[in-house]
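Just below sit the structures, each encoded as structure tokens.
Below are two complexes that have chain A in common, paired first with chain B and then with chain C.
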Partner chain A sequence: MAVYKKTYRPYDGALTPSFTRFLVIPRYAFEEMRKSRFLTIFFIASFINPLVCALIIYVQHNASALNLLGVQNAGRLISINTTFFMNFLGWQSMLALFLAAFTGPGQVSPDLANNALSLYLARPFSRVEYVLGKMWILIVLMSLMTWVPGLLLFMLQAYLEQGWTWMQANTSLAVGIFVGSWVWLLILALMALALSAWVKWKPAAGALMFGVFFVAAGFGVAINGVQRTRWGHLLNISALIGSIWVQLFGANPAENNGGMFFRMPQGQELPLWCCWTALGVLCLICLYMLTRKIRGMEVVR
Partner chain B sequence: MNLWMRQIAGVLRLEMKKTFLSRRGWWVYFLALGPVFLTLGHWLIEIGTHGSGRHSLGEDSLVFAGLFHFYYLRLGIFFGCVGIFSNLFRGEMLEKTLHYYYLTPLRRELLVAGKYLAGLATALFLFVGSTAVSFLLIGRHFGAGYTDYILHGPGLSQLGSYVLVAALACIGYGAVFLMSGIFFRNPMIPAAVVMVWENLNPFLPTVLKKISVIFYLKNLCPVEIPIPPPFNVMVIDADPTPFWIAVPGLLVLSLILLIYSGLSARHTEISYGE
Partner chain C sequence: MDPVIELDGLEVRFGNRAILKNLKATLTGRSIGLLGPNGAGKSTLINTLLGFHKPSSGTARIFGRDVRTHMREVRGLIGYMPENDAFIASMSGVRFVRLMAELSGLPPEHALERAHEAFFYVGLGEVRYRALGTYSLGMKQAAKLAQAIVHGPKVLFLDEPTNGLDPPARLRMIALIQEIRDRGDLHLLLSSHLLRDVEECCDEVLILKDGNIAAFCNLEEERRANRRFLELETRGGVDGAFVEAVEFARRYLPQSHGDCRWPSIRKPTGRMTAR
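Right after this comes the complex of A and B.
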């Protein structure tokens, strides 16, 4: 063909179905992440706690194992109940925060820093799909750390206890693990992407993740102390999540105030609707931040 | 020697121009100004309610001690120093401007010293200033009683101690995070490790307690804040370090870290491509 005839021709091959198109981003991102030794080790190490918990559940139901260890009364020492599962979720959720702080900032900032966003958006790929794809990376990784092992532990306990009967009696635990994890994962993923979009230096975005979580909580406690109030907890994401977990797990707020690292101090509880609203507002702020930054063009002044 | 001092002063001047109160560090200013606004709000609210006698001056003093222990030391100054000092070298690497310094006839140790002093000046201005202003504001609504507390009571000595501890925290954490900015591509990883270590301090065995900044600082604070239950049962008590060991000890530790950073900087090579 003559060179002058080689003009623009649109791609006429098969297109990826539109509802799975956002999965293209995670596919390449996971390959990239596998190269990081630190991340791999951290991710594998995050399964130590589920393994220990599984062992505890197994030993609890195995009289011969208890006899072998010489701790026949250990069954009374650790109960497999709401507190056990909430603490499990609390520990895993804290690890998920660390994972989000290490991997999240690297998701959007390189694309923005190198003006590469237009390369994505010039294709049949919307802004929503881009954000969804980037969120999916974090959500898959954090799901494997939180609700997936949580539900496996739940099923192990049900299998060793009374099977279906125990499961039916403790449905709220499964609901708590699943929905409670998703609430936390959505907030983390949105926050990580929003900060990644606004702070182009990855470590600074990671620091801000910790900052929003720990410093805001500390500042909330400071507000409570100085102003003699309890509304400072509205800035404490972990306390808000803890309150919501208590509701989702169907626990008694008088006896249980959340999971490990995610507790609302006793006697300082906020109305549940306030907790949901505060987290909703946080998500909306993150979405607004993403909408402002994820654009195919940027006006540089 | 005179040349060295002039060179350090030159780096300090340049760094101050670039970083002091720059827009990029907005979140560090927020960390420092947060408690100021909080105590200012407290003063205004209490004035508005005509000091309805909800609390005493002693309670406010205790609240400030809590604010200092749990906000300033563990969060504000810590993260502020991460932001200020990690950025001194790593920020230049990202902006691809570090080689301008490296091409000048300047010893790397002097560059480290100049940058550290610039970071320290910013940190001291922000956090020591914030501590002092917050302390002066928290009990302001008591009027003449608070002035009397400061001038004729224990207030002035408490203020001095808090200011000293805040300054030492900036010096100590500054040295740690300057070093991490030189050694690590992602200073967040060492920062997270240091944060976990510092927060675990009350529960560590006595020997390990001493390998931290917070251990020396806590003992210098005028008002002690106990660890709340249920964690108080896990606290391991250690003999408090006397003033004459804690202050020089922390300064020497910071100096050692700085010297090590300076010596390491001599062998650093730039590869912006990484």
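Right after this comes the complex of A and C.
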């Protein structure tokens, strides 16, 4: 056992660079998360779909494997194209929503409930770094579920197809997977933190997260029905994301209206700039909510 | 001596309400007391020095660094022990203090070593692996002190460090503060509404009242001049009770305590510190 001298001594050693200091928060958070068996199982289970997709890609390019399975014509049934990757991303993004709803509410609310923010912010550590550190936790986990396996599948397909030539011809797929995932991850992370900062009861914050996505979408459909309009879809975040994915993947909107769970109903598409603006406004609202709550000391006027 | 804290016309307003009003002072002591009744602006002053509140006008400097423009640098010099409970209940004590040290910029291995040291120093060595939520009030106060000193600050802000402590725990806390003060490695700013705490730990005192500086003096010099603080407190709603008490003290105390200066009396009832 280490023996410690009972004395106070000033610190004159080296300090870590200030731009990496926000990474302290995710490091501690990951250690805490590892203790949750449910989260660990959920996280591991989220890789089943990428593995299945990798298997499909492999089998598609392996004639002997197709013969062995007796499905020589499977290549015609499942083609590795924009729809395949968009559906993959849709499925993984829905899992990311669940992950954000489970882990997000536990990020800021304990610090607020225990008045710990004043201790974080009394150090050479800003509010932006705090939010960035907390967002980093969600973004790393959700990245491992979405664009990282997505790009690996893209590379596997490129390797098994014609290599560099196929990759060049389908750059829009990689862009769609990467940028499309980041748009979704940023919205999820910001929303999870904003709700965590305002709703201190974790289950309520998690439920609210689902509410924003599903109840708001239902409300939007109701508006469309009553008002005979399509602008109600502005409240449907998954439909907005679907429209943006179609653009980013370079897909034809007439043939493809988004990925699994993230589709804008055919014939009711909104202008793309409206979709981007609506999501931008949502992000700004979340940032405003965070700015109001993430303070060293709350002022009662 | 170089000033530790300079208040240069510092004013803080919350909405239309002025909390700190044009404070001007240069504090140079090794251990500075911030004294005043509840609501005098002590915590607001500390929070402003920490950058939690923006000054409406004027500014403050810590070791010559302006809190308006060099906040990050200023925070690197400060160790802060807040008044209220502030910790993450589910974390073990040593892990929490280590986290705070790392956020101050200490590399992980140094942070861990110093977290252990700080815990032993404040007398919580035996319970350092227990979750903070299970600590008693006195232990929580000591843990707050540990996280405030873990990164070796140049100036330590202690906001009501004896709040809610029973007499033995209070004595232990005061002894720790005195020990830190006597080592001379850092400066202290101790905020309290208890005259006794300030008298026992500080060599300079700034008395705040209604956001103004009511008095500022060097306790050492006052002690050498055989002056003492006297805390007058009147209870009950009888108008003029406070005036009567002051008059009584004015009449009788100078005979036994030599020179005695009295503050201006504004309120007919309430609590006031006179010297």
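As a convention for this text, the second predicted complex is superposed on the first by the 287 of 301 C-alpha atoms of A that agree within 3 Å, B and C clash if a C-alpha of one lies under 4 Å from a C-alpha of the other, contacts with A are read in each partner's own complex, and residues count from 1 in each chain.
Rule of thumb we're sticking to: a residue touches a chain if its C-beta (ideal position, glycine included) is under 8 Å from a C-beta of that chain, and two chains touch if they have at least 3 such contacts.
Just so it is clear, the model here is predicted, and its values are computed rather than measured.
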If touched residues of chain A are counted for chain B and for chain C, the larger one: C
If we overlay the two complexes on their shared chain A, which of chain B and chain C does A:Gly296 touch? Say first, second, both or neither. second
Pick one for A:Pro10: touches chain B only (first), chain C only (second), both, or neither. second
Which partner does A:His233 reach: the first (chain B), the second (chain C), both, or neither? neither
Shared contact residues on chain A, chain B side and chain C side combined as an intersection? none
Report the residues of chain A in contact with chain B in the complex, numbered from low to high. 38, 98, 101-102, 201-204, 206-208, 210-211, 214-215, 218-219, 221-223, 225-228
With touch defined as at the start, can you tell me which chain B residues reach chain A in the complex? 27, 31, 34-35, 38-39, 41-42, 45, 54-55, 63, 66-67, 70-71, 74-76, 79, 82-83, 86-87, 90-91, 94, 138, 186-189, 191-192, 195
Which of the residues in chain C end up touching chain A in this complex? 14-15, 17, 47, 50-53, 72-73, 75-76, 78, 80, 82, 84-90, 95, 99-100, 102-107, 110, 114, 116-118, 120-121, 125, 147, 149, 151-152, 179-180, 183, 185-186
State the interface residues of chain A toward chain C in the complex, per the touch definition above. 2, 4-16, 18, 21, 24-25, 28, 32, 110-111, 114-116, 118-126, 295-297, 299-301
